[in-house]
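Chain IDs A, B, C and D follow the sequence of writing; residue 1 opens each chain.
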């Protein structure tokens, strides 16, 4: 198994050496006082990264999908109405989960490549005079299409409609990579995982609950035990878990928060933007287009790149892996075969990004696309040279 | 944080060096063909360790608790009737989970320290002419009390009653440490985790479903998504997961199975029995008693030791940690304050066990118990000397 | 400290994950039988990599410099005459060492950028009728200039002159990266280290002694203890060392040999040639020249690239480190300030090499050199695309 | 290969987790400024641990044996006279090295088990009116016999004799474990290694030179290159090495110094004394005797234990390894077969020590010695209980 090249999937990301070492911890008694010295700073760190003063943070041995389930099962009752937009595979899956749990989802079908239409949300919420909609879902960053949605606009839509619904945001591929403001945007539940902006191995669902969401948990009757936040909160009060926690990953989470906060969140976001801009410059130089339909919704954590009609984008991903040992992301769902994705989040430098761009060029040339070798690299180099933030100081 | 001494909690266990290194893996694309080369051998290895020819194995980024939830939500409908014995904290918790999910549990209250009364199960099952009981729960090894129950006897009870209920077994602290025979005992769902007999960090729920249990999943309506085995099975068919798997832990699981099978399961069990017998010899030498009421139900993975009346066993655990840096298990639930526990499962040698026994002696003496220093050590030494299986060949 | 980018120094190299883990070993008693199970296969592996049937291998806790000292102090007497060519910093240093130890070195001054002049060696050896020259030194690969010399030609020079001098070869930056044939070329002592072709951390001097060199050790009187091969040989006979060995590094050496031999030495050499050819294609595309004066002496482990007159090549190395976090090699000695070096040995893929080439382009542009961004990358891509040996199968 | 049990050899020691991780570093360019940020604090840390204000510290990729060679070759000329006592295998080896390098050693033969006779040194030095003796050697802690010598007394001997000889001290198994005062004792060269009190893997020779020793290096003519301190000093002035340094080990050394100084040297020494006292209590309880003839010379880093006449102590070490997977030290040289050794230095707790004591009891009983199982353990427990320094705070 070769681990020499960086990965360019949109998570799990490349991991900093220090975080791998933090996770690789000898056995520590999770009922000893030492555990609290890991747990509480980790929770506090996540809270800062969510930019929240009031959220309660819960971390489950699970994944972002488990975070979605945590959100809905702790706040809702069977038959409750939900509003959601479907604009990619991950928004689709959350909707599907809600339906499986007996919730009534009003789906706003949205082009894959577009952001969540806040104006449609506002119309629907305004029309919902009886406030039957209990929760509004929003996928902050659609990992499948590389599209960022405007959560502040959704909050404005709720406010304009005077609607009391809870706002749940999937920030799996945005939090800790792109700007996220839980309190300012009035987010009631934020969901993320360990393997994206936190640059850790997969294995943690990380959720933040606003006081309003906590209150909803008092009356929610959807069945839950593993993902029950009340059990978790009771445990935390004793520096413990209701079951065996993923101690090493929590230790890593604590250190990841420290690294990100030391770097400064705005610097973290700027770093992601800078790496992403280089990739996008390369895409333009290739004469290709992003799946994301306009610059204001370009994701800084992943770019989905449309390949020419008739070209099977899956072949790109396979050949890159087989011939060059480099992992890119495939297209999913509606855009399967039509896009390939370059993940550019987590522990990545401009130098690493250039190797991904160079590989993509070779693969496209190998597959007969009319790509000039070095063209995307040159465009990215030009951008990186002029926008250096001293990459050596990036997350180590 | 000191990691010098072994831990004597009943999981997470001490970890072999090789497994820590297997888990600490650089980022690997979980959608690449390489992932299948980890996943499938890991699943096949677990199946062998369960001694099953027919089970389907599912591994979730979760814990044993998530395994319990997987078992019930994939096979049952709200209101379904379940039979279970409560003889310790972990059987209690599974019962509690069932009730939270709207199941109707007939609880056989059993002394904490006794095994599951197979005869009572038989009576109840025989009386259930309408076969309303859909599932029988059994905790193979009660981690809270150090009590092993006879699963074969429960199977005989079901058969004697001619009852078609499914048999679900919690083998979290028995599987891969003590004899477990899924097919021979007619177990329909076996549940375990990564951090006990598999000697890995916590973070995996490992479950095996019999064909009969798989069939129940076709009609079960309890809501589930994260723990849905059909999604998981569909993923496995493509060497994939419905979400991001815990790749490093799966790599570790694959290697752990290899190590255990290379050692030979009977040798693994004999090794655990041997270490446990030394600990029990020490307990006898101290003049103390196990929580487990008779030798036939002594657990080979954990011993719960009753302290004299009036003695607060919690102080034992605290002082051992504070003064000697050694982690033992506390008493839980009904036996809180009345027992302390020595975990002796996973990667442990007689030499390590002796250090735990010696520490326990110091702590008891420090707390005023009438313990002769060295007495338990001598009893264990005597046993280990005469029953050496060349500990150097034990799991490395 | 950032470890995200690959290094492009000519050693220590990028390390495969598996070798790092092999080196990072818990404490093992170096006087236990287990140690022999590491030592002997490691020695046997090195012997195969040297392509020798007869050499005795010695591994010291030291570096290549210690290997040079081992070679001379174990075979020579004060005042002995030596023949050596000086064509770079490392040949210079070995000559200097000989002089410090009281040896009489006849130095063939050779342009830095040229290989060892075998014809001059032949003239001198032929003229040495009295066979006063005891040893001929040859630096197989001058790391400072990226120049490979023809050791077979030097052997032919010795043979043509009918001269019995011993032939000592510094293969520090060639062995395990480029073809080396100890027996076929009649090499009497081969010297290397752990941190180049073996892809390990620094800390080992690795030497091979021919039977003829072993015999010389019987009468050599230069003082030595730490580097005494007789003590070492006596130790090895008991699977031991005369002092505490670097156990982890030896474990890594054993595994490194296994990896290299599994890949196949000819494949290893072809891989290095391929990566090097891509780098050289980039250099040509930039319109720059190598320090090495002709293609037959191009090194496959390191390229020294001449920068235009008036340009301070040291600035290149500094800026690459500061601005992009990438390490290249500086010029040393006579070529200080005139060249920068790209190390392309050890655990490196074409994809990694492209990131180094791309970085070099940015740095040169930043420093005002007339370099077209992407030009070297394109040339290398073109080469790598057409000469893919499935890099994913390279040393992992 | 089993790494489950602690080792009880007198080095390499058990290693703290944090130091292993510090050593296991990705490749870092040793010519980059980052290297200086490791090197200089490491040198400063060693200086503090030597309790010197004026020493220059040099660290070689080598071992303590290389440190001995550094000491003599950098300060002496062939034929120079040296005074040394031989009271164990390691003092013997240093004497032997001096002789091989053409030095004239006046050997004070001393019983193995006794300390260096400072009074004999004084007589000889007083008699040496011409000050022909250039250097006095002293092995601070004879690892072979577990004997500590009184370096302050040797300094007094030199002073009483008014003799200007340099004082070289082998502190390989004392420094960082037992009190060592370079300046106060007037030590001119102190020699140690990485794998004892510094709790690191082997691979470093660590030496401190007083100003007087530095001056001697100006005129010393013994041949040397690898171990030349002037080259090393010149390198350090540029934050560099004359060859490739062991970067990971230096990183570990830096952290080890930090850990030791954070704990406080006096606490480190007290911890070693405490662990050693427990072991000695066990030896007394067994009715055995130490090789060291009186309590004032008992070593706190290793105990050599005499076995009864006719008993082959080597069998003890073999059986402990084979049957119990535990490494003890054998007897060396004159005491081979007569003693076994328990190393109790480095990263060790009382709990770990008890497992070693318990193992020793089992082995002795297995080999037919009249040992009461548990007796030594009880004696050590009794001591540790009453002298707890909160072992959990020991080096982690």
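Criterion: contacts are C-beta pairs under 8 Å (C-beta built on N, C-alpha and C of every residue); 3 or more make two chains touch, one makes a residue touch a chain.
Which chain is which protein? Per UniProt: A, B, C, D = Serine--glyoxylate aminotransferase.
Predicted, not measured: the structure shown is a model, and the values here were computed from it.
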{"item": "Same or different residue numbers at the chain A/chain C copy interface, by half rule", "value": "same"}
{"item": "Farthest-lying chain, centroid of Cα atoms versus that of chain D", "value": "A"}
{"item": "Result of counting contacting C-beta pairs for C-D and B-C, higher pair", "value": "C-D"}
{"item": "Centre-of-Cα separation between chain C and chain A, whole angstrom", "value": "46"}
{"item": "Interchain centroid distance [CA atoms averaged], chain B/chain C, Å", "value": "53"}
{"item": "Whole-Å gap separating chain C and chain D, where each centre is the average of the chain's CA atoms", "value": "34"}
{"item": "Chain A: positions in contact with at least two other chains", "value": "1, 3, 14, 17, 25-26, 321"}
{"item": "For the chain A and chain B complex, residues of the former touching the latter", "value": "1, 3, 7, 9, 11-15, 20, 23-34, 37, 61-66, 68-69, 73, 78, 96-97, 100-102, 193, 195, 201-203, 222-228, 242-249, 321, 327, 329-330"}
{"item": "In the complex, chain B residues that touch chain D", "value": "1-5, 14, 16-17, 321-326, 347-352, 354-355, 358-359, 361-362, 365-366, 372-375, 377-379, 381-382, 384-385, 388, 390-396"}
{"item": "Contact set on chain B toward chain C in their complex", "value": "17, 21, 25-26"}
